[in-house]
Every structure is written in structure tokens, then in C-alpha cells.
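Starting off with a structure, shown below.
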Amino acid sequence: MPEYSLAQVAQHNTTASCWVVIRNKVYDVTDFLFDHPGGAQVILRYAGNDATEAYVPIHPSDALDKNISLEKHLGSLDSASIAELRQEKKNQPKTRDEERIEAALKVKPPLRRMISVRDIEETAKQILPYKAFAYYESAADDEVSNIENARAFSRFFFLPRVMRAVSNCDTTSTILGYKTTIPVYISGSALARLGHPLGEVNLTRGAYKTGILQMVSTNASLSYGQIAAARGPDQTIFFQLYKHRRDDTAEKRIREVEELGYKAIFLTVDALIASNRERDTRAPFFIEDYENQGLSVKSESEADEGEVDILGTAGGLIRNNDMDMTWEKTIPWIRSITKLPIVVKGVQSVADAVLAVEAGCDGIVLSNHGGRQLEYSLPPMEILYKIRQQRPDIFDKTEVYIDGGIRRGTDVVKALCLGAKAVGLGRAFLYAQSAYGEAGVVHLARILQREIRFCMESLGARSVKELVPDLVERVDWQPLGAKL
Amino acid sequence: MPEYSLAQVAQHNTTASCWVVIRNKVYDVTDFLFDHPGGAQVILRYAGNDATEAYVPIHPSDALDKNISLEKHLGSLDSASIAELRQEKKNQPKTRDEERIEAALKVKPPLRRMISVRDIEETAKQILPYKAFAYYESAADDEVSNIENARAFSRFFFLPRVMRAVSNCDTTSTILGYKTTIPVYISGSALARLGHPLGEVNLTRGAYKTGILQMVSTNASLSYGQIAAARGPDQTIFFQLYKHRRDDTAEKRIREVEELGYKAIFLTVDALIASNRERDTRAPFFIEDYENQGLSVKSESEADEGEVDILGTAGGLIRNNDMDMTWEKTIPWIRSITKLPIVVKGVQSVADAVLAVEAGCDGIVLSNHGGRQLEYSLPPMEILYKIRQQRPDIFDKTEVYIDGGIRRGTDVVKALCLGAKAVGLGRAFLYAQSAYGEAGVVHLARILQREIRFCMESLGARSVKELVPDLVERVDWQPLGAKL
Amino acid sequence: MPEYSLAQVAQHNTTASCWVVIRNKVYDVTDFLFDHPGGAQVILRYAGNDATEAYVPIHPSDALDKNISLEKHLGSLDSASIAELRQEKKNQPKTRDEERIEAALKVKPPLRRMISVRDIEETAKQILPYKAFAYYESAADDEVSNIENARAFSRFFFLPRVMRAVSNCDTTSTILGYKTTIPVYISGSALARLGHPLGEVNLTRGAYKTGILQMVSTNASLSYGQIAAARGPDQTIFFQLYKHRRDDTAEKRIREVEELGYKAIFLTVDALIASNRERDTRAPFFIEDYENQGLSVKSESEADEGEVDILGTAGGLIRNNDMDMTWEKTIPWIRSITKLPIVVKGVQSVADAVLAVEAGCDGIVLSNHGGRQLEYSLPPMEILYKIRQQRPDIFDKTEVYIDGGIRRGTDVVKALCLGAKAVGLGRAFLYAQSAYGEAGVVHLARILQREIRFCMESLGARSVKELVPDLVERVDWQPLGAKL
Amino acid sequence: MPEYSLAQVAQHNTTASCWVVIRNKVYDVTDFLFDHPGGAQVILRYAGNDATEAYVPIHPSDALDKNISLEKHLGSLDSASIAELRQEKKNQPKTRDEERIEAALKVKPPLRRMISVRDIEETAKQILPYKAFAYYESAADDEVSNIENARAFSRFFFLPRVMRAVSNCDTTSTILGYKTTIPVYISGSALARLGHPLGEVNLTRGAYKTGILQMVSTNASLSYGQIAAARGPDQTIFFQLYKHRRDDTAEKRIREVEELGYKAIFLTVDALIASNRERDTRAPFFIEDYENQGLSVKSESEADEGEVDILGTAGGLIRNNDMDMTWEKTIPWIRSITKLPIVVKGVQSVADAVLAVEAGCDGIVLSNHGGRQLEYSLPPMEILYKIRQQRPDIFDKTEVYIDGGIRRGTDVVKALCLGAKAVGLGRAFLYAQSAYGEAGVVHLARILQREIRFCMESLGARSVKELVPDLVERVDWQPLGAKL
């Protein structure tokens, strides 16, 4: 394998010839520049230079092999250059953000002090790099839908039944026929390695230990194989598909995960376009100001009229999505490729729930993508309630899941009372693995298990089948103390 | 009686042989360890050691006799050891919490400055040990139901009638046929001695002086006999029963209180399982940080995955409750043991109110246990309103009481207008006796008497019978200044 | 006239013989002690001493003549004692409250800066003695009804009509046939001299200058004659009657004001009993702490159980009210004494509005006494709306006025659109005369005139007759920026 | 042309003879004093003096020619006087407000950091002179309607449809047949030069570059001709008419703009009278206090009773408006003068929408003048919703536009779903040109273009025609995070 010096690499720093170094290997990415889902601009920032630090946490290990043809894997850095890079990194002073994190880690509370899901989230927010936090936490526009997702649950109260024998309460359930200890799954979410070096593997292992199910995102930061390999014996995992605009690429992806043993396809339909996640978009400005200790930015000329670049960390992930899927075309096409059950993730209206049933979907996820896509999309809990009011037959015809804003056992049980088969949590598990790795995932699942059991017992319900609509009521006021 | 040295006791500090010292007496609690309602762990913390300080305020005086067979009452400490303990206690530096309380006591306002129920509560919160405060104040999860209990009253407004002769307004009423000066009773609540050394006796004496009725909890911190002995001539008290999972133990308890002269059984049905009272669970962490003046806790290894222990002070009290009571079985069984009237405490739905009537109960308490058990259980005031709307016949068939969130005479009168026979206050009286002992209880009752009379006069009502539904109206907005 | 020394007076300092000095005159008030509306306790505080400072601002000039028989007007202080008192007063150091007011007066904004009613109120609050402020501002319990009175208006929005000729918009109207420049009157309120030495006369003169009507309270701090004497030519004033429990006393009062030329009796029916105005009750504690610069109060013994004394400044005013008035008895009785029109002030339900019409009242005031009496009495604006919905015929049968929470021309116009004939403001005018005397009253009325005219023009209404229900709509949300 | 010295001018400083200097020219404005829309008082402040600084930013360049007859254009200042003025201005120390702005300009963020409409507004508020800010931002009374205008949008949520082919989403539309890239126009607003020296021309040029339409106000700070001259080829602009009370003046204005090529008349009907904009009225007090660093104002005598002058910057603009327009008279009269389409701006009820259709208007703007006129006028979005519910036929009979509170693409799309043809933004564009000139206008339009496109794609809508009522739903709660 040929060797290159940093000086040689540095000469290829344009769109005409663009080389980058990743983990001391040299790649010619010129041809790939405009296929990059995150855009050429992001790569060009590192043209002729080492890109390792930016690249690693957000790309699975097989990304280079999949995307850069082998003849463009040019070779290695020479050992002097490697030493030079290492020295450079050593000499780099700590950023203020790194210093802040170091201080936060010193006072990170022990896991036993984490009593609630929100405890874990709060801890994670303290110790995450700002950029990762901004990506995980951000939602559309003013984050109204994100807040309302959670707040919707607070408008549903219980009418508990007393004097029922509940000492043998059973919290288990199934999703697509696969058993789970509680009606909760880990929802697909991108880039777990932004928060913890082991990334998605923490989720897989934690799910195994607590007997719950995991959905893996197309945009996982580990390869689908690495995640599959982390499974315990007979552990079930699902795949969240972002369908590529090119059918052949999409097909290859589906076949790959089916072969790896993933047990269902959750087709994402609510996040096909880069949305306006301001917290994420502003992160670079925030960091710039923070590192400069609030020193004034230099105001630019008024002539600068360039289009707003809203592509934060999030943007790059969905540039290649298929914006032209339809019920008539896309569901049959997937059926033609795979035997796996198909769940449509991102249904936001009763009308589309009906269409999904008519299209023969095995399940639907009521979701507005955690409030991260269209601001003012109705909270999934309100859509669930609408289906219960207008089309309760849907619950008999397909499995209905729901995600967005769930933080408590009571949230889970409310959704089940109205007809949901299970609920998903995304951000919460991301935060748990960020703060405490696999142990955090296990701990979070156990909090939910305890809360769900207590809630069921207190309602007089001995099994999830006994969670019926009569146990909940939508109220016409907004509770005051509800946390969001 | 044999004597032991502290050194001898110290050798019995394991589950194999566990001795503890309480009030200078030595007990072998090895056999009892796993029957302890609060769990073995709590006792083992004091194994081979003096447990007096932790034990005394939360156990009635007959607890050792009832639970530890006499041959395990081993004997006394020897006088040298007694002196040693006394010296040790003397040498113990004051905790920061103790110093805070001392300072607070110096500025405790005189009783005459207490104008409202909330004044008294606020004063008590200043002078209580944090642990006691956390136990008294805590409620389920995010304390939403606790807040909403109070807030529900604020959605009911009066339509007062004018030009009625009210100079002879009569506020008296009856509960189960027993007379009370106002339609208010002291609701059963555990562990009054956490707040004041005389504990429940303050409540009994204050109730007597002001002519109101008291319900005594199974989990009182004084023995049922001590409380009964504190009664004035012909004073009526009721018993709040937590039914033990073993029928024989429950039967013994019922027979005991009937013999002691308690006049009714209030069967608790809404608090059979340890709930998630975060304020209570977090108290030890809070105190630890407070005493260390906010010094950082040492973060533990991520491997620590142990289940969350949500058993704060509250947890230990309900481990032996019967989780399998039913309308069909339990009410007839109690009827077979006692002639006392039976009231079911903790009804949270119209449906169960109907079943209680069908089971022949003499009364029901609409209650969600002060918001301390299932979060998002509907506020009792809303349930009362539902009964008024849907099944007003229930008010003719049984006596309906209500507790949770009541702090004002107007709250009491609103509940009576909708059909309640009387209302209970728990926390408020606990706080009153904590801050001012018996005088506080008397003062609080008198505030309520004054407020109830004024409210009735202002409504044009000359007696509780004239408190009718037409005088109140549920509004569709939430008042802004309502205190919670 | 005999003369006495302070030493002689000082010997009469018990209930057996109680003398006080007022404006250098000596009175024997022993026989009057227990007839004093404010209670004996208040007088005894000054027994054997000079009471001038406390007495003057809250009693009309004829109070001593009316209440103390002439032979008990013992004589004058001797000149040495008068000098001594003067010296004593001179030597008295300023209180902190007086110093605060002095500083506030130095920065009191000029009247031209007062743009809105609330501006004037805010200014007055800065320069009033705390005790006067507490009495003016206080309302029942937690002041919920007081706040909601104002907030109720914020739930009514306009549907303005455009393209109407409004250049000659006429804001005049009548009350009981008497002309007013705008449909607004000064509502009766007690103790104007607490805020300004000229007291109620400021209101009378300001009303004259701006062509609006004034209602004078039974509890005015000037005599009814002094106020009547302040009228301009043909100026109309009304009398707000608190009926004395003794009919003969009440009759005397009615005949007196009729002779003085008052043109109507506004019979107060919503404030017969001393209410729980905590801000007023707490004022002495507040002042005590304030003067001691927050030094700790000395905690009293727990044995102190005495009943709460809720009689702040307000309490003394209504001890002699008739608590047994009825529609059947009282209205005919007043009719038998006077030819003046009778208006019932304090109607709080549709049912009583109907009864008032049936009793032949000439008008009713929808009022909950500014939220100062029964907490959670529905806001008058909501009652007005109910009458409009349920019994619109009432508006044809009697004049309906409304007070409570009105601060803007839009508030006034909303009430008129729903059917009110006029609206009253009490506190606002008290504050205006406190801060700026007569000029403040004039200024406030002019602000309202400007706002009412603008509102009518903007609605397309050319006269108050064109203010119809279709122009307003009750909305189902609560505006955010509304000031309260 | 004759020359005058400052001394000569100074002698004409009364209503009898009033001269002013503007841009070194001398004018005799004696005859014009009482025709001045802003009142004589404002001019007299500069009588016998230089008025340039106050005059220039709020008057179009042709104002003097139009209003002051040529013989009163007396001549020029002599060169010594000109030099003297220049020196005077040089010697004037900077005000604190000028210093504040200088500092703010140094940290003004570059345009690329402006992600949202509110970002731009916030930046502008930092760098505007306080007086300009107060005029732009102020609204009626407590600004409730202004806040509620925006808040109304937050009660409308989306029911997005998934699985629709949206890759070719088309955001274009038309207004009165004229094409626009998005269904958004720049609403007429006065005095753009208060914020930026180029004023309205920034708006015209920005509209051209982004393909949107502009409505020019009667009260623009540039002449109608100057604005028309700034157009790009074939660029369409509309005229917002404040009809003068004298028909001949109004006619002249209409004919002038028609000749200049304006393409429609937007007749303002909701702002005929000076309203109570407190922020604007208070601005001089605010500035006075600010410049004096909060030094206490000298309190004036209580005798000062003069009427409140609510005429801030806003007041002067509308003194000559026709307050007697009617549907019957005014619309036909305009039709008789011009062929241009007529749109009525300021409809605030369904009833008037119907009348406008009957009067044959080509369009209506649902508007309450940005909450700047009648407080508690219902938000336009609520009126739009009412029309949709009660009279959906209106949308077929005329074009319906809406303005007030729009800040997001989602706001725009919600209005279109309910039936609006386009929406207007006023303040936002004023702020954009104030902060960044023409580039700010372009940037703001592009933000809206991006947000509208994303919203349409996310709803599954391929064109504005597919924005239908089923996609939005009015909810019965108020979202928490919505920005106002």
C-alpha cells in the first residue's frame, strides 16, 4: 500500500481533486463529493487535510467501503505524517466546551441517583459536547410540536379502579409477534456514537438485558452488521428504513438487513426532507461565541444575501431520501423485495391510518418524528385519541404504535388504554447511553418497567389486555406541574 | 434482666444474627428481619448498634411488643454502655439541617400571625427536618395530581344568593351520625411524630377542643391505645385501616380498635403498593449534598445497574398490604368481624362509587391519597362533580366524603354544594401540629370554622342543608391567582 | 368649657372609664365603647390618651356629634397639654414608611405622563402609606375574584364594523334618568381621606368637572353634608346605603341623605359581614416588620390559641350591618321611607337579578364588591353575560350596572354591548384622588372619555344605543398580555 | 432666490408668522400650520428654526411641494448660516441612544446568522433609534390584540398527509392576477426611512429580487414616484390608500398612483382615527429619562389637568382621514375614479366580509392593523376561521388576504389551508430593511420561501391549490412554546 505525506495530501484541496485523511488512510473523494448526503461543502472543509475527528462519530465503519470505490482508497499516511498528526492533536489546547464537559463529568451523579427518565436526560445534557446535544435535542422551528408531544399526555387522566386483585400483574406484551417485557421499544435514532463511543451497541445490549425490542436506524453510526453482531441469543431487532431515492440502493439496503436477521421494516414517511431545526443550525454559531467567550462577531457586509444553510448535523442525513413514495407504489414494491413485516412510521392523520390499513401494512407508528420535522403537526397522542374516537376498527386491523414525548410509565399506559400496542422512546435512550453507556440503557428500561407495573396495578389491571379506554379520560384543562 | 455491653451487641451485625439497641434495651431482630414492612435493609443499617434515633419517631410504642417475641427482648445495655451512648450523642456535632431548623425556630411567627391554612403549612415547612418535610410533602412522580387536586377547586365558582336572613347561620353537621361543628374531619395520616414529639395526640386533643372528628391511621406513630386514651369525654374517633395481606393479622387489628372505642373503619383501597414519591426518595441525596455543602458526589462505575430503590420513608409502610381485595370478598369479610360502619377510602371513579353502594358501604371517600399514589388520577373534586352529573342518586344512598387539596373554607363549601357530606384534611393538620402542637391544630380548625361560616353566610345559606348544587358552577377557564 | 390636662385624661384608661383626646378636645367614650363599629379594642388602644392621628382620616367630621352624647364632650385640653402634644409630635422620629413616601413623592411623575388608568393606580401605590394601600388594594382570601373580575373582560373580544360614518360619535348616556358624559360613574368606596386630606370632595369636584356621576358610600370619611356641599350647580350624586341592623338608625340615615339632595339609594347587599381580606389583616404585621427592618419577631408561646382577628381597617366598617334583609321585607320598607329610586348593589346571580326585577328595583349593580367579599364569586362580567344569554328581558325591565375590574374604555364598551347601562369604578378613582387630588379624578375621567369614544368609533357605533351584543364575542381562550 | 440668515428666520417663531428651515431652504408655513396632519404643535416646536433632522425621515421628498404653495418657498439660508448650522450639528454631543446604537452596530450579527423572521426582528430592535422602534413596535393599549394576532396561529395544527409525491412542489401563486413566487406580500407600512435611509426603496428592490409583491402606504416616507421608479422591469406594486376627508384630495392621490403604474387600491378602513399606542406615546418620556440616566423627573403641580396627548409618531399620520366612509357611498365613488381593482383592508367580521362582496370589492384583507388600532379586535386568523365555518362561499367570490402576527412559513400555509389567497407581513419587512437594507428584505423573503416550501412538502401538497381545510385543525388548547 502506497504511502503519502501530509504535504502531498495538502495539494489535493479543491473540487477538481479532493483528498482527505481518515484514520491515517488517504482517500480520493473527488468523485464522491456531490453524492455526499451531507453535501460537498462539508467535505471540502477538510480537503487536503485530516478529517478523522469530524468523520468518525457520525459514520458507520463500512461507510467508506460502501461509498468510495476501492481504487480511490489510495493508501496510508507515512509514519512521519502520522506522528505529526498525533503531535498536532496533542498540542491542540482544550476547547472551552471540552473543559466544561470535564468539569461536568467530575460531578456526574451515580446511576443509583437516577430515579426518573428525565433525571437521566438531564445528566446526559450536562456531559454531552454541545454539538451532540444540539443535534439530539433539536426540533423543528420553535420546538412547539416537540413540547406539545409531551404535553398532550398531560391532558389525559386516569379513572383508576379499586378492589381488584392485582398481585400477579403481568406487564409483558408482543410487537409483531415478538415478545417484550413491557410494551416499550427503543425507537430508531441516528448517530448514537455522538454521545458514547460504543453507540448503538449500548442500546442493543441494554435491550437484551431487559427484554425489550430495538429499532435500528438507517442512519445508525455503526454498521448494521456491527449492531446485529451485538445481539444476544434470539434477540429481536427491527430496521428503520429511510428509502433511498434510487430503488436499487434501497433494495440493496433492505436485502442486507434481512440477511443480517433484522425482523421488520419500519418505513419512515415523515422525514424525507431536511427540516428547520434551529437549535442544530445555530450550534456552530453558539460554539463559536462560546469558545470566544462572547466576543463580538465581526459583522459582515449587507451585500451578503446567500440562502440560509439550515443543514446542521441533521441535514446531511436525508438528502437522498425518496420524496415521491406513494401508498400505491411503494408498499407493494417493498413487499416484492422482502418477506419482512412492513410498518409505516410517521402517520399523522386518521386518514393516512386508514390508507395504511388498506395498503396492508402490518403496523403503523403514529409519530411526528419527535417534533423534529413539521412544526405544528398534531401530537401523536392526539392522533391516537382521534383514531379511538373516529375509527376504533383500525386497532383490530393493524398494530398501532406511538412515539414522541413519552417519559413516564403513565404515558405508556395511557397510550395502551387508548389502543396502542406499544410505544417507542428515542431521545431518552440516546441520552441514557450517552451518560451511562449500556448500564444507562438498562437502568432506563427498569425505571419504565417499575413505573408501568405500578401504574397497571393502581388501575386494577392485571395484564395489558385489561388496559381499556374507560380507564382514561381527556380533560379540558392543562395541568400545571406537568414536566415537558 | 440481663445486661449487655455495646461491644457484645456489636458482634451481632449480620443477617445471621442481628441485634439492635432501642431506648437502651437490646433486641434480637434476626427472625423479624424479613417481616419488617420497611425491608431488612433498613434494619441492617443499624445491626449491632443503637437504632433509637431512627426508630422512635416512626414506630408506635407497642410496635416492639407486637412484632418481636418476648424471648428476643434480650435485656438492657449495661450502665457504662448507656453512658457511652449518651456521651457519643453529646459529642455529635450538629448537622447543617439541625442548625437551619434552630435558626428557623428563632423567627417562627407567633400563632396569631397565622391567618390562613397555608400560613401554617408554610411555617411548618420552615421548621421541619428535611426528611420529615419530604415525607409529608411528597407526592407521586412530578406531583401533578397533588397540584391538580387543589387546582380543581379553583375551577368551581359561586353564584351567591343575596337578601337572605343569615344571622343565625349554623355550620354543624354529622359524619356517620356523629356530630361535628363543621363538615370537616382530620384525615388519617402516618407518622405525626416526625413533626412533633406528641404526634397524633395533638390531633386528638385539638379535635376535641374544636368539636371536629379525627380518623387515625393504621400507620400512626403512636399506638392506637395511646391515641384513644387522649380522647376527651365522648369524643369520637375513626380508624383508617390498611388491610394486612394476612387475614388473621387484619382481623386482630380490627378487633383491637373496635375494643378501644374507634367508631368506624375507613378501609384504604388506593394505596396498597409503594408508589414513586420522588421528593421522598431523593431526600437522602438531598440531605447528603446539603450536609456536604454541595460538594461533588463521587461518581460511581457505570457497571452499577441495580434496581432503583424508591422506598423512601413512605415505602416501608405498605409492604404488607393486601393487594387482592375485591368488592365481593373483602367488604363481607370485614362485616363478619365487626359491627362498625365501613367506609371505603380511595374511590376514584363513578363506577366504583356505584359498586361501593352495591356492596353496602356506609360511606365512600373520594380520594387519590393526596396525589401520593397514582399520578394523573383525576382530582377527587372532578369525580365528585361527575357523580353529581351522572349518578346523583349515590348521594342519597351513602355518605360521600372527599379529601385532597382542600385549604380554604370555600373549598369545603364547594364540595358540600355538590353533595359531599364532609371533607377531610390530612397534610394541613400534620403541618399544624408540627409547627404549633395542639394549639396549631385548634387554630387551624378555627380558621376553617370562620371561613366556612363566612362563606355560608355570603351564599345566603343558613345551614349545611341549604348548600345546593345551584350555588356553584364549573367554569371553563383557570383562575390565575389561585394558590396551590 | 372646662379644661383638662393630659395627666387627668390619662387616669381614665380602662373600660370602666375611658377618655380620649381628639383634636385637643376631651371625650368620655365609656358608654360608646361597645357600640363602636370597629370594636372596643381599637378605642382602648388610645384610652387616656390622644387618638387624633388614628381617628381623623377614617371618621367623618360629624361622627362624634352623631355618636357621643353632648354631655360626654367633656371640654378642651389645657394649653400646656396642647403644647406638650405638639412638641411630642414634633419629636417623633419619622417612620420608615414615612421616609419611603417622602422619597416616592420626589419622583412622582407629572400628571401628563399618566396615559392610562393603571398608570395612575401604580403611581398612587407608590405614594400611599402602606396601611391605606393595604386597605384600598386588599380583596378576599387569595384575591382570586379580584383578579378574575378584571380577567373576565379579557375573554370578550370585539367584532368591529367598518365603513360607517362615525365622525359625530356621541358618548353620552343617562343613569336613572340623570345625564352623564360617558356611561361611567364613581362607585361608592370608603375612606377616601386615607389617601388624600380632601378625600371624597376630590371625587365630587372631579365628577362635576367631567360631567360624570358619583355614588357616595355610607362609610365615606367626610360627612354626607360636606360632600353634598361640594357639588357644583345641578350636580347629581347618589347614596350607597349599608343598612344598619337597627331600622330606626337606617331610617334616619336615609332621610338625612334624601334631604341633602342625594338622588338615589344604592342598597349594598353583598358586604354585610366582615370578610377575610388578608392583605389588610396582615398590614400591621407588615408594618411592624418593615419598621424593624426585618428583625425577627419574638415567637410567642404555643398556648396562644385566641381566635384570629381578621378585622383590618375594613372590619370595623360593617359590624352594624343588617344581616337579615330579604326581598319581601327590605325593599318595601325602604320604599315606605323614601321616594328615591332604589338600586340593589351586589347581585351575583341571574336568579337574584330576576328577584330584584320582581321586587320593583329601579336598577341592579352586578358586583361582587370588587372581589373583596366572597372569594370565588363569579366575575360580574360573567353574570352579565349569563343574563344576556338566559334572561335578556331583564335589560328591558331595569337598569343594569356593573362594577369590578374595569380599567379601560374597552371594558366599559364591552359591558354596554352586552346590555349594561353604565359601569362603576371604585378603586381607580380612590387611587386617582390619592395621587393627584381633584386633578387626578378629572384626568382619569378624561382618559376614560377618550378611550370610550375611540372604541365606539372603531366599532362603527355612533351612540351608546348602537352598542349591541353582536359587536362582542366571548372567546374560548385567555389572552396572554392582558393586564390585571 | 433670496437668502436669509438664521437670525431673520428666528423672528418668525409664532402662529402669526412661522418660518422653518429644511435642508437649508426657508419656508413660510404659517398658512399650513393647522392643515398639518400631525398638528400645529409639532411644527411650532421648530418655529423660527432648523427642522431638518425631525422632518426628513418621516416626509416624502415631494411633501413640501405638494403642501406649501410655491410663493411660501421663500429662499435659501445664507452661507454663513449654513456653516453655522453645520458647526452646531458637529458640536452636538452624542445622545445616549446614539451611543447605544453605535455599540449595538458593532456586534450586529452577520446576515447568515439570521435563521428566522424573528431573528431579523430582534436584530433590528437592537440597532434602531428608540423612537423608531417605539413607532414600529407599538400597538393599541396593552398590545393584547397584537400578541393575540400571532398567538391565534398557534391554535391551528396540521394533519399532514404522507406518501405523496412532492419532489416538484410549486409554491407560486397570484394576487389579483399578478404572479408571486410565494403567497406572501409586503404589506403597506408607514415611515420606512425611520429605520433605514433608503426606506421603501429597499422593500421594492427586495420584492423584485425575490419575486414577491409590495403594497405601498399612503404614508410612505418616500414619494410614490420615487418608489415606482425603483421598480424592476414589469414589477407589480399596489397602493394602500388612506382616503383623505376631502374627496378632491383623495381623488388626486388615486389618479397620481394610477398614473405612476400602481396596480391596485387597498383601501384602509380600520385605521381612520388616532389610536392609543402607549409605547409610542411614552417614547418621549422614555427617551427623556434614558438620556438623563434615570434622574428623577420634576413633579408638576396637581393643577395640571390638560388632556392627554396620545399622538406619538403615529398620531400625525391619520388626522385627515375620512371618518364617514360607507359601503354605499365610498366604493362606488372610487370605482368612478379608477379602473384599478379595489381591495378593502381592515375587515374584522364575517358580516363586513359579506358586505364587501356585495359591494363588489375585488378582495378583502382580514386585518386589525397589526393590533395597532382597536384593542381586543378579534385576531384576523380567527375571523378567517369564522368565514370558513360560516360563509365559505366568500372565498369563491372575492380574494381574501390576511395580515397580522405572521412570522413563519407554517403561519402562511395555515391561512392558505383555510382559504386565504395570500398573507401580508408589515413590521417584519420594516425591521428587515432597518437592520440590513435591501439584503435584509431579500433574506427575509427567502426564509419564508424555504419555510413555505418545506411545510407544503411535509403536508403532501404539490401546489397551493392542494392546501385545503382538512389539513388544519383548530385545537382546544394553547401550545406552550409558541413565540409571539
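As written, the chains take the letters A, B, C and D, and residue 1 is the first residue of each chain.
Operating definition for what follows: a residue touches a chain if its C-beta (ideal position, glycine included) is under 8 Å from a C-beta of that chain, and two chains touch if they have at least 3 such contacts.
If you want to know which protein each chain is, UniProt gives these names: A, B, C, D = L-lactate dehydrogenase (cytochrome).
Bear in mind the structure is a predicted one, so any value in this text is a computation, not a measurement.
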Set of chains adjacent to chain B and to chain C: none
Path length in steps (a step moves to a chain that is touched) from chain B to chain D: 2
Angle, in degrees to the nearest 5, of the Cα rotation that carries chain A onto chain D: 90
Residue-number overlap at the chain C/chain D interface, same or different (half cut): different
Whole-Å gap between the CA centroids of chain A and chain B: 45
Intercentroid distance (Cα basis), chain C paired with chain A, Å: 63
Contacts with two or more other chains, residues of chain D listed in rising order: 476, 478
Touch list for chain C against partner chain D, complex: 105-116, 154, 156-167, 209, 408, 410, 414, 436-440, 442-443, 446-447, 450-451, 454-455, 457-459, 470, 473, 475-483
Interfacial residue positions of chain A with respect to chain D in the complex: 141-144, 146-148, 151, 155, 269-270, 272-276, 278, 281-282, 285, 296-300, 302-310, 323-327, 330, 344, 346-352, 355, 368, 373-378, 382, 476, 478, 484
